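Per-chain numbering from 1; labels A, B, C, D and E assigned in written order.
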Amino acid sequence: MDIASLVGFLLAAIFMAVSVVMGGGSFGAFVDPASIIVTIGGSLATVMICFPIKNFVQSVIVAKAVFLNKPPSIAELIEQLVKLAEISRQEGLLALEAKTQEIKDPFLVMGVQMTADGTRPDVLEYILRSEMESVNNRHKDGKAFFDQWGKMGPAFGMIGTLLGLILMLGNLSDPDALGPGMAVAMITTLYGAVLSNVMCLPFAEKLGYINKQELQAMEIIVRGILAIQAGDSPRVVAQKLSTFIPPKQRAGSNEKKAA
Amino acid sequence: MDIASLVGFLLAAIFMAVSVVMGGGSFGAFVDPASIIVTIGGSLATVMICFPIKNFVQSVIVAKAVFLNKPPSIAELIEQLVKLAEISRQEGLLALEAKTQEIKDPFLVMGVQMTADGTRPDVLEYILRSEMESVNNRHKDGKAFFDQWGKMGPAFGMIGTLLGLILMLGNLSDPDALGPGMAVAMITTLYGAVLSNVMCLPFAEKLGYINKQELQAMEIIVRGILAIQAGDSPRVVAQKLSTFIPPKQRAGSNEKKAA
Amino acid sequence: MDIASLVGFLLAAIFMAVSVVMGGGSFGAFVDPASIIVTIGGSLATVMICFPIKNFVQSVIVAKAVFLNKPPSIAELIEQLVKLAEISRQEGLLALEAKTQEIKDPFLVMGVQMTADGTRPDVLEYILRSEMESVNNRHKDGKAFFDQWGKMGPAFGMIGTLLGLILMLGNLSDPDALGPGMAVAMITTLYGAVLSNVMCLPFAEKLGYINKQELQAMEIIVRGILAIQAGDSPRVVAQKLSTFIPPKQRAGSNEKKAA
Amino acid sequence: MDIASLVGFLLAAIFMAVSVVMGGGSFGAFVDPASIIVTIGGSLATVMICFPIKNFVQSVIVAKAVFLNKPPSIAELIEQLVKLAEISRQEGLLALEAKTQEIKDPFLVMGVQMTADGTRPDVLEYILRSEMESVNNRHKDGKAFFDQWGKMGPAFGMIGTLLGLILMLGNLSDPDALGPGMAVAMITTLYGAVLSNVMCLPFAEKLGYINKQELQAMEIIVRGILAIQAGDSPRVVAQKLSTFIPPKQRAGSNEKKAA
Amino acid sequence: MDIASLVGFLLAAIFMAVSVVMGGGSFGAFVDPASIIVTIGGSLATVMICFPIKNFVQSVIVAKAVFLNKPPSIAELIEQLVKLAEISRQEGLLALEAKTQEIKDPFLVMGVQMTADGTRPDVLEYILRSEMESVNNRHKDGKAFFDQWGKMGPAFGMIGTLLGLILMLGNLSDPDALGPGMAVAMITTLYGAVLSNVMCLPFAEKLGYINKQELQAMEIIVRGILAIQAGDSPRVVAQKLSTFIPPKQRAGSNEKKAA
């Protein structure tokens, strides 16, 4: 599990709370139901205008990945591909089929299965690349949801503040109410800023990062499968793929194996 | 029909209204004819400068798609293409002509017709891709209209507020009029923000999304038609196209059919 | 003539004027010579820093196109190219030369002339594409002028307001002068916003749109000329080019002519 | 010399000065040494963080080009290349070597020299294109300096204003000092806006324009040299290159010369 | 060591301090622990949400490069490659292996080693380009950290100010506390602006610059190695690579050596 996102999320909340306490304030000053409705409700409603309902539901599910995502182990993946290259060299492409049961990654299973089936290299690459493109598109829909919400949050924060200020200024019978009135009006701006900067934009950023990581793992698989199918020696496969690992961690999978 | 956009649009309006009521305000405070003229009229007028008159009219019509658009069923489309591949395999490319009556999508009809006519593959792809490009350009014109309006709305909101403030500040005989005067001046900023964030920008976003979906369906048709013309087996056609469907929904069209 | 831009421009001015009158203000409050000098003069002066003097002059001339531009008729253009294809099929490429007198579009004349001269296809495409690129670059210079002015307008609006505020705040002997002083200071911000949003940015947008249209017409000519030179039948030429016309208007030029 | 930039720069300063005088202000109100230090010093210091010291020095030198740059004459350049094509046609590629003394442009000398040396066409294009890329990179470094300074100027304007406001508000013993205090605080914002909009951003824009012009001249040279080496007739060379000249100025170099 | 970044960083701090002293203020007015917690803590916490924990740690280490990076000497690198080309010409590719001990740059060692091993040119380029891509990705992660922090800094500055203003305005018993209260509220905005503009954004810019430089050096190595492997003469290698050096510094490595 990727603990950084959860810790970061909690820390941001704690830091804001601590600064309020240190400033001698009470949390009650920051709770206003009408402001919650206009900022969170309004921004979510406009995000609903932007996408079909199924993206909307899916994005909420996707958000779990921000906290629960486990980064793919590039080194293990390469090792696995080098082993498959060895098997294919020694026992032929057909022998790969027996190995698909041991593989967990469904994309790798797909590639190995098609290689064992004798799919033509151009069709194989075509299908694997289309699959990558589709995964990329689905991930981008999830990211787009939070990006859009992140833009709408501050917009509705401002709309809420304008609503409050116009009501207050239009009816200034009691000058003493000016301060508290402005305080209430500004709460929506605060809500919008927090919604956007503590939740939506970091979530979108993280989903983009996770997408990049998964596409990289898929790229490694595509390159590995194509190298295996082209009959590259395990050593060349290892050499080609090891560039995806930072130099310091490279030793493991880069031992020069006999070709 | 795509109910999300309509629901989102209504919810955004309701949430704003509820927050005004909860804040003890009356809606009358937010109605000002002069502000409507300068914000909505002014922004629309500048959008008229940007595009020819026919885009202007067309964009209003296009806006219906935001609420009425029905997403294309990718799975059904692929099934249809696989069936066409079967017919073409068993009865020859000419047999496809008889099927064009049963097809609803005009782009698919165009592709199938040209395949049956024996159009050269390069000319066929050239024409289908040009058609996609043209559809994309027409859609982008509709999106550009709302994007531009979405930028002009807040600009005229600010212009209206400046007009109001300059008049008010230049003639400050009665200090008690300061509050209500500022309230009126700020109404145009509110109008601009609502116009842009509740209507224009979400509409532009949705039109962009619909365009993406339609182009994806057209891409599937182009790839399917080209595969059929190249004589790919129905199984390969199904395999090539199934990558456009999310894995979980893939079973249906991906059953391995005998080649 | 493209009446939309002119109507839009006038409407924007009228809407602003009406809202001032409805707000009970007089236009005199918005006229301040010093503000005109710093906002319009200053922003134009910095635009002069950005480009050579000849672009500066040329851009003012180009601005006419915003109001006077007549969109090219794509349908007529395609019809013309199909006719040229028929002539070339029946009478040979050389017969095209006689037709150049009847053609108005200089780019089409250039293409037909070179085809009749027997220019090699690769040289022909090279020259036509270079010409398109050059037209695109010249248009972009015109658009860049208004884009840049549109950015500088609000900047000098702000600079003018800062100049006014600093003078006013530094010398606050008479508190009653505060309101009118701020009103005057804010006039430059208003000028900058109007200059940018009513003139510069819409003009730049329209010039970009006109450029897109002209390049599309040139693209049609290039594709048509290359198809004619390659000996495509008039029917194929019509088919290839008709994708540039929206489906509903397509009937005219798309009647299947005997090849 | 390109007088537009210098005139524009002076006009911008004059227009600001005139508007201050017309507003009845004195220039003394706008001079504050502490504000100069924090805005100009601070922004320059952060630009120093961004680039190596040599870019820093070089950029100051590059800034001269904004005022002193002389645009390359495209028409003369093409004429020169057509002449070289004639010589090469009549006397052979080797005869070009004797002409290198008469050529001023070092890039053209480089290309002609290599052509006369019998450099292979692919190596020749490789070297000329690499040179263009390097020139482009060096120019971009100069532009980046002013772009970065243009961003930092307003940032330090705001930082200076915040410093001033915090000091002033924290120590409000004398309410009469509020106005002048705010005036001083706002001077840094003014400095930042002027630094960025009158100097940095227009300079960056102009440097970008000059770069575009020089790269275009280099592109013409590359295409001309390659056409000469490929043995194109002077007429074809003239035809290929004349597209870089606006139609109205084209007569001179486009006279059809006998091939 | 690249002294510009360190000097710039210190100068920015000094200039701000000097302007405070010149304005008659004390530094105490700018220290507020609660503001530090919400601005620096909060922004760092949200950056933690965006990336995995390992990027977080790595980025802090990477930041050292801003101050300690030593730019690669392009001229020396080219000289080295030309020498390798000479050895390879005279003694054969295998002789290169003996030279790898003398080379410091690990990427050059990798390339020379693979050349000496007789790796196929396409595999060699594939591996070197993949390595470049990986280095680029790792660098971009470091830059992204500071870019993200640079965006979050001002956001939390604004959140802190809103927190402070809402507390203050909601509880306005003592009007005299208004000024100091606002001063404290504005400190977070100042912190956010300084954090972003003096540290995060310049660091990100510098890391991007360093990345560009390193990739350029790697590009030179790739081109050099490929030229050596292709058997180019040392003179051609020198000619091809010398375009990466500014003209004035070119003499050294560009002396025409006998081929």
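Basically, a contact is a pair of C-beta atoms (placed from the backbone, for glycine too) under 8 Å apart; a residue touches a chain by one contact, two chains touch by 3 or more.
No experiment lies behind these values; they were computed from the predicted model shown.
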Practice problem: Could you work out how many touching-chain steps separate chain A from chain D at minimum? | Solution: 2
Quiz item: How much rotation, in degrees rounded to the nearest 5, is required to superimpose chain A onto chain C on the basis of Cα coordinates?
Solution: 145
Quiz item: Where chain B and chain C touch, do the two copies share over half of their residue numbers, giving same, or under half, giving different?
Solution: different
Quiz prompt | Centre-of-Cα separation between chain E and chain A, whole angstrom | solution = 25
Practice problem: Quick one: report the Å distance separating chain B from chain D, using the average Cα coordinate of each chain. | Solution: 40
Quiz prompt | In chain B, residues with contacts to at least two other chains | solution = 184
Quiz item: Which chain E residues qualify as touching chain D in the complex?
Solution: 2-5, 7-9, 11-12, 15-16, 18-20, 22-25, 29-30, 66, 71, 176, 179-180, 182-184, 186-187, 189-190, 193-194, 196-198, 201-203, 205-206, 209, 216, 236, 239-240, 243-247
Quiz item: How about chain D: which of its residues touch chain E in the complex?
Solution: 33-35, 37-38, 41-42, 44-53, 56, 106, 123, 126-127, 130-131, 133-134, 137-138, 148, 151-152, 155-156, 158-160, 162-172, 184
